[in-house]
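What follows is one structure encoded as structure tokens, with my remarks underneath.
We just call them A, B, C, D and E in the order they show up, numbering each chain from 1.
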Amino acid sequence: MSPLTWILGLPLLAAAGLCLVPRTSKGVLRTVAVAVTAVVAWMAIDLLLGFATAPVGRGGYRFVQQIPWVESLGISFFVGVDGINLGLIVMGAIVAFAAACVSWEIEDRTKEYYVLLMLMTGGILGAFASLDVFFLYFFHELALVPTFIMIGVWGRGERRQSAAFQITLYLTLGALVALIGLIALYLQSGVRTFDLVTLTDTLAANPMPAARQYFIFPWLMFGLGILVSLWPFHTWAPLGYGAAPTATAMLHAGVLKKFGLYVLLKVAVPLLPEGAKEWLPLLAWMCLGNILYCGWVAMRQRDLNQLIGNSSVAHVGFVFLGVASLTTVGVTGAVMVMVAHGFLAALSFALSGFLYRQTGSLDMGRMGGLLKQLPFTGTVMVMAMMAGCGLPGFGNFVGEMLVLFGGWKSDLLICGGWISFRWFVAAAAWGALIVAAVYMLRAVREMFHGPIGETWRKSNDPTGAWRRLPYVVLLVSLLALGVAPRLLTDHIEPSAKLIVDAVERSRPAPHLATAPGHPIP
Amino acid sequence: MTDVLFYVFGGLALACAFMTVANPFSRSPVASALFLVLTMVWLAGLFVLLHAFFIAAVQILVYAGAVMVLFLFVIMLLDLKEEERRHWNRFGVGAGFITVGGLLAVLATTIVRSHAGAGLTPELEGTTHALGLALFQRYLLPFEAVSVLLLVGMLGVILLSRRDLK
Amino acid sequence: MKVGLEHYLLISAGLFSLGLLGVILRRNLLVMYMGLELMLNAANLALVAFSRYNKNLDGQLMVFFIITVAAAEVSVGLALIVALYRRRQSAHVEDLTSLKF
Amino acid sequence: MQPETLAWIILALPLLSAAGITLFTRRNAGLSAAVSVTAVAAAFVASVLLVLSYRGLHIPAGECLIASVNWLNVGGLSVELGLRLDSLSNVMLLGVTGVGLMIHIYSCGYMAGDPSYARFFASLSLFMFSMLGIVLASNFVMMFVFWELVGVSSYLLIGFWFERPAAADAAKKAFLTNRIGDFGFLLGIIAVWASLGTVDFLDLQRALAADPQALGAFASLAGVLVFMGAMGKSAQFPLHVWLPDAMEGPTPVSALIHAATMVAAGVYMLARSFFLFELAPAWPESLGFLSGISALDVIAWTGGITSLMAALMAVQQSDIKRILAYSTLSQLGYMVMAVGCARPEAGMYHLVTHAFFKALLFLGAGSVIHALHHEQDIWKMGGLRSRLPVTYWTFLVGTLALCGVPPFSGFYSKDGILAAAETRPVLFGLALVVAALTTFYMFRLVLVALRGEPRDAAASHAHESPSVMLWPLRFLAIASVFAGFWGIDTALKRGLGMAGASGHEDHGGFLAGVFEPFGHAPLAAFLGLFATGIGFAVAWTLYGSHPVRDPLPERLGPLARWMRDKFYFDEAYAWLIRCTHDALAAVADWVDRWIVAGMFVRGLAGATDVAGRALRLVLTGNLQTYAFLAAAGMVVALWIVVL
Amino acid sequence: MNLWLLGPEVVLVLLGLSLLMMDGVVPTARRRLLGHASAAVVAVLCLYALSGHAGLPEPGYAFGRMFVLDGLAVFFKALFLCAGVFVLLLAADMGDRLGSGVTEYFVLTLFALAGMLLAASANNFAVMYVALELITVAFYVLTSYQRSRVASLEAGVKYLILGALSSAFMVYGIALCFGASGTMQFDELAAKSAELAENRLFQVGMLLVLGGLAFKVAVFPFQIWAPDVYEGSPAPTTAFLAIGSKAAGVVLLVRLLGGVIPELGLKWEMLLMVVAAVSILFGSLSAIPQRSLKRLMGYSSIANGGFVVLGLAAMSKAGSAAVLFYLAGYLFTVLTAFLVVAVVVERLGTDDFSALAGLHQRSPLLAGALAISMVSLAGVPPLVGFFGKFLVLKALVEQGTALPSYFVLGGIAIIGVVISFWYYFGVVRAIYWNQGPEETSPVVVPPVIRMALVGGVLGILFLGLFPGSVWDAAVAAVALLKF
């Protein structure tokens, strides 16, 4: 049995198990949740450490396990890791642990909360571990619903219900649009299977006609784009995260949101290379919208969560840029950004959640001097914000740097070659180094520097090692990635290269006219 | 001769049907019911012209006899007056007429254009004997099902009109 | 003109339309119901005519079933209308709008 | 011990100290200071050992020792965590650890009693780590990494008293301004890597030596982009605005960061990657209008303009630290100009000597401020010669060195720069004017602040600082005096592979060394001295009589106001930012709020909701309506089918 | 004569008759047991239908080929019987509130069930008509069963008039079809279907027949009765309407479009697409502002009917199989929902959303079951609704290569699903998010209902997690269709 099955199965089992625990024993609920996520995190780290030596299974994946599910539809439960989802699984498991740790703040309906949290964790890890396209989607949806309910029930603020609904509808729309694309991919591949390895092999040998790829790719690109808050489909993110309970925001912004990027990178681009080449220039424009436009929007925010939300949207732009660059360096960087930003977003939302509990407000105008009042929180938050503006030493820097390096070498033609992709890189670098620094430093200045805000005089740091543990774990993960990026990049690179090669190798298949009976969609 | 009878019966049936649904002189349900009875009778005449004697008889017995008596009985029981509210919703009436006109147009054009009767001659004699045989041989299943249906109808009437509500 | 199948069918189409007109325009439930009976009778006429011209008895058998079913339906329907009238003292569709939107 | 090991130790010590203080000893102020000082002292000792054990400072150009582990290796981008040991870095090592040690020791006294004593030393250690990282970096990416770390540690140090809005703002400003430079730096690195496939200095140098056209059309652009990094860090025009504000930090920080080390990093980087700037001018097509201008031209003129502008601003400042800050700016401009005149060793030489005497001056100023209970206005000082004798004399030594009076070290290094500028007459003239201005504002400072009578009660009750602060002053004074004779210039020439590196190695005797500048570049030496003299004369005329107020504004009129207000750069930039980023942010926010989130998202949701509410009105409850709708639907379907 | 093929129908009728006779014998207080007993019998029948008829190599015919037992029929019979079990249990629980005697309710349910089984096997217009009328007439009574409530009577009358209207259309359609083809037998029609597809008289007739079936499925243009009737009827009736009556329409639609007149179906795919799109949009949009749970289910039923037609509109075996699976999932989901609704209406007296507030405290089981069924209806894995929608969409996309309008339809389906999240999660919100009223006394759920609820939820989960077997059965069931 693959450890992956355990990694995604344990939280789901725990969710079922927690249903049986009486609702009054909150301690048991908490302990089980923390223990399960800790075990899962430990297993995931073990996965990372044992990755290099593990035997290579089908399709170059390791730790594979495949169980037929609905054979007549070509669906099987199929898990495995390569360089790309390895980091995401590890990140997801660690963030889940941190999220379980910060959940001590939940007092109301604890049982339902932990059941949903475990469900969400299992879904998230399953989504990243699955190598069956159907299950990819399946687990993602499985993780989404707890998100909505958690925002609605345990969320904060007056507008949490409308926020929960907006996020529900918006993400459902994105997921369904992507689902159409995935189904089209499945049907058009000719093999009628959702097995990613078979799909990849088949489509590498017999690529789909270019015209069909042009048609299918945008469904995936826009559908997944909505899931990842691609500009201009991003407005749900700050709103939703502003209203979400801490753990949900951590898990969603940190991990689940990466799903769209992951599928784009793992499924859409390599399986539809011609479609990718056709549409990625548009993606490049849109990711500038993320990086610059959302950066500017973030500059104007007065509420900490809105700021983090918008900055998280902005960071996602780098992943898109890396994907659009279609170079090994750029794609590796994109994956790195995904992982690092996962930790960062989780850390930021964990801290903002903590701050919110202090006074029930995240209005930065009313804060000030918190570095003195809350030295621990303040220090960690300042470090998180520094990581957010791409400071070396944190994983984000490595990722963003690789994206920029890769992007410069990209030969993607924008507007028929009139505009060099290098301008996009320059603009992205401006967004990373200047715009991000502006809003982050302004926030630090307002929140942590200067004289102390009146309403914050009674606030306290988290006390005790357990309370501080989640923040430390996330911070250490970020630092580890920044200091020793080869922990991941060595694994990512070969997989990224495969994807890039798949696109480069692709020759447009003979035009569709040669395939009778199938008019071009 | 039969053609003349056809036009007489058919014209009267249509006229009575019109009087049933849109009597310009009276909105009384009783009038409608009586005109409906007449329509049934003329229809039975048409059935006779089509040599469906048994059906014609059933038409008179069941429809004109039983069903319409039931209607009249209920009307009397409820002591229904004329439809009091006479303010016609002009839009509704217009739309209704357009719809019905549209339906009639569709049906008529289809019937005329499809030449359904082309090359066909009236041949079949709907003898009671043949009907009975078919009913109790090939059509035994729906026949039995109708018996259950009648039972359901009976049950329903009893349930709906039973006075005591336990 | 020689009377043929089309003539019967046109009569039946006319009856059907008139029945529908009754359902749409009349507000008394009973009269509406009469309109429905008219529509069924139109179908009967068409069936009998087809039966005769198609040399197939099935049409007449269908009429037989329709008449029977209609009788059952009418009895239940009228009982229902009576039951409603007992509670609402009205058989007007406009008084029958407590369930809406 | 292997030199590589030593180098690793040198780099690691401050990091360990920073981490240790933060994690373990932060509640114990004394212990934290001890840890930090010990670490930097050990680093200094190790540097000395390194220089002694490994062919000293005399490593021939092109040879160097590289210790590295691979940090990142992705598809053609291989980045080593590499330490490069050659003359250039060794000189800087000694300078940085030496001055750093003095400043650490001094800080023990200066910061005594501050509630965040431990945090201060942790930040200092972090800064030392980052700075040593820059010095030792063997490739561009590593340098950029430490470059950024230096930026953030300076942010922490400038904003050390973060409760003060001014300090917090200054820290933010410093970081952001630096970031603009870093933006160019990073793009420059990327451009170089994209063409040459490596980021390692040595490989790059070799590649460019083998094929000077290797960078193609990006040659000059890459140079200018990389130079942008130096522009930010070394506070060159137009990114100079952060440095004076950075004086809001504690004075030792000003001495360490804004005099000796951090601001020098830019110059160091220019020297390190000098091979990049030497290339013949070549621009991409879209920048064709710049053809003919080489990267060096841009550098030289930027340096020249900065030095003049800063010197002019310094003339009308009244805050003791700001005067020194502008002086630093001006001197940095000098150094950059020297690099731009293709004489990086001159710039580096000045950098080293400047590190000594500017650190000395800042620490002296700190001593004065400390004695006057944090009074920084020179017009409230005066008469400190007798009350703070050690401070006074060491400060005077620093001043003389800065003004370039022989035989103080500044004379030699400055002479090198003037000699370098001889090839560009306009710049040479400009440099001379700056030399005169330098002497003028420094003696204005000395005459007003230290000599004469106390103008304020605090000044009259001043006491000399504790000896823990004075000893660093003394050591630095000695270095300021004698640094000109330690052969730093030749070491640098070797390190940079300059012509004539071996020529002056065995010149005869000490005296010959003292007067050496007059020998090989007499014009520069004499004119330089002359300019100094003029500056001193004007200063003595105006301030020798110890006026109570500055007589200069009356004579200069509006120009004085412009100089005092720093030529309104801050205001212009503020306006510029308001017009660009803030305006864009406002627009983006508005669009986001009302168009994207409002009109599209919420509008769509609202429209759907309204549609739903409207549509259900169809269900009037009236049976007849239902029948009509059903029949109508049926008829429509029939029409569609039949027609 | 293969009478045994009609086994389940015969047993149901006999069961109904014996219940009628026992009504006088069994004391009033214990009549509820009759419901439980008949539910048990129906359950046995269901198992029999599943096991005994499964794997029929060839379709079996009876009564001169008027009755056909093929895979399609078996699949739906199992479906109807399964629905019947739930409805009978529910009715037994609701007995006290039904008013006019609970035994008759069981009997009518059983007869309607027999009609449904017959409809699934109909191979002749006359059988089809009689079977449908059997269902309809039984439902006239079942909807208006609570005579003491005006709403129930009103629902009955609305169902009566519109049902009669639709059957009038259907009868006229049958007449035209008969006239154009000269036969009432489906298999004879199928033999001539290619030439009939061009016959305009036949087209009009068949369209009228389909219109009559649209009433059963509650799709455009005969969709409009659903919310009112759902709201007014007693909860067991609504449940039965939502699944049983709808499925009866669907099985005939599938049989006609797929087995009898595929040529015409292909011609009309655009029409079906419009019907599906309008139904989905109408149902989904109008459901948004609903506050009454039963009424909401009425609108949702329209939207789901739209999805069913969507699968049919794909005009492929995959589409039809998807429809079958969809209905199987819909069965459990809707029945679970109505079990909860019935209990809520009975115990709390209203089905308004406000009554649901605090339900999660008063009865976690009810709250959980309702939430799960709503989430499943919305189409979220691992619940069955997701897989059903997935299959329907897959069938659509499959056809999209041939006709791009299918992608437009897919887009409309997506919009429909998104909107459906809106109102289904509105229910979830009402249950969990809103602070409940002061009343926090637990809601007692009788053990039988509790079992049924658990069964329903398990069905939702099981079909969602292991859809393979049912999907394969659905595929086998449509194997004989002629797409």
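Basically, contacts are C-beta pairs under 8 Å (C-beta built on N, C-alpha and C of every residue); 3 or more make two chains touch, one makes a residue touch a chain.
Model, not experiment: these values are computed from the prediction.
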item: Other chains in touch with both chain B and chain E; value: C, D
item: Chain whose mean Cα position lies farthest from chain D; value: B
item: Distance-maximising chain from chain A - centres being C-alpha averages; value: B
item: Among all chain pairs, the one with the most C-beta contacts; value: B-C
item: Per-chain Cα centre nearest the global Cα centre, belonging to chain; value: A
item: Interchain centroid distance [CA atoms averaged], chain A/chain E, Å; value: 41
item: Centroid distance [mean C-alpha coordinates] between chain E and chain D, Å; value: 77
item: Whole-Å separation of chain centres (CA-atom averages), chain A against chain B; value: 68
item: Geometric centre distance via CA averages, chain C-chain B, whole Å; value: 5
item: Multi-chain contact residues (two or more partners), chain C; value: 5, 9, 16, 19-20, 23-25, 27, 29, 32-33, 44, 49-51, 53-54, 56, 58, 61, 65, 69, 72-73, 76, 80-81, 83, 94, 96, 98-100
item: Touching two or more other chains - residue numbers and ranges from chain B; value: 92, 96, 99-100, 103, 106-107, 110-111, 116, 139, 142, 146, 149, 152-153, 156, 160
item: Sequence positions of chain E contacting 2 or more other chains; value: 126, 129-130, 133, 137, 140-141, 144, 147, 157-158, 161, 165, 169, 176, 179, 200, 204, 227-228, 419, 422
item: Chains touching one another, given as label pairs in label order; value: A-D, A-E, B-C, B-D, B-E, C-D, C-E, D-E
item: In the complex, chain D residues that touch chain B; value: 624-625, 628, 631-632, 634-636, 638-639, 642
item: Chain A partner contacts - residues on chain E that touch it in the complex; value: 360, 375, 380-382, 386, 390, 393-394, 397-398, 400-402, 404, 407, 410, 414-415, 417-419, 421-422, 425, 428-429, 432-433, 466-468, 471-472, 475
item: Partner chain C, residues of chain B touching it in the complex; value: 2-3, 6-7, 10, 13-14, 17-18, 20-22, 27, 29, 32-33, 36, 39-40, 43, 46-47, 50-52, 54-55, 58-59, 62-63, 66-67, 70-71, 74-75, 77-78, 80, 83, 85, 92-93, 96-97, 99-101, 103-104, 107-108, 111-112, 115-117, 120-124, 126, 130-131, 134-135, 139, 142-143, 146, 149-150, 152-154, 156-157, 160-161
item: Touching residues (chain side chain E, partner chain C) in the complex; value: 125-126, 129-130, 133, 136-137, 140-141, 144, 147, 150-151, 153-158, 160-161, 164-165, 168-169, 171-172, 174-176, 178-179, 182-184, 227-229, 231-232
item: Chain C residues touching chain B - in the complex, by the definition given at the top; value: 2-11, 13-22, 24-28, 30-31, 33-35, 37-38, 41, 44-45, 48-58, 60-61, 63-65, 67-76, 78-83, 85, 91-92, 94
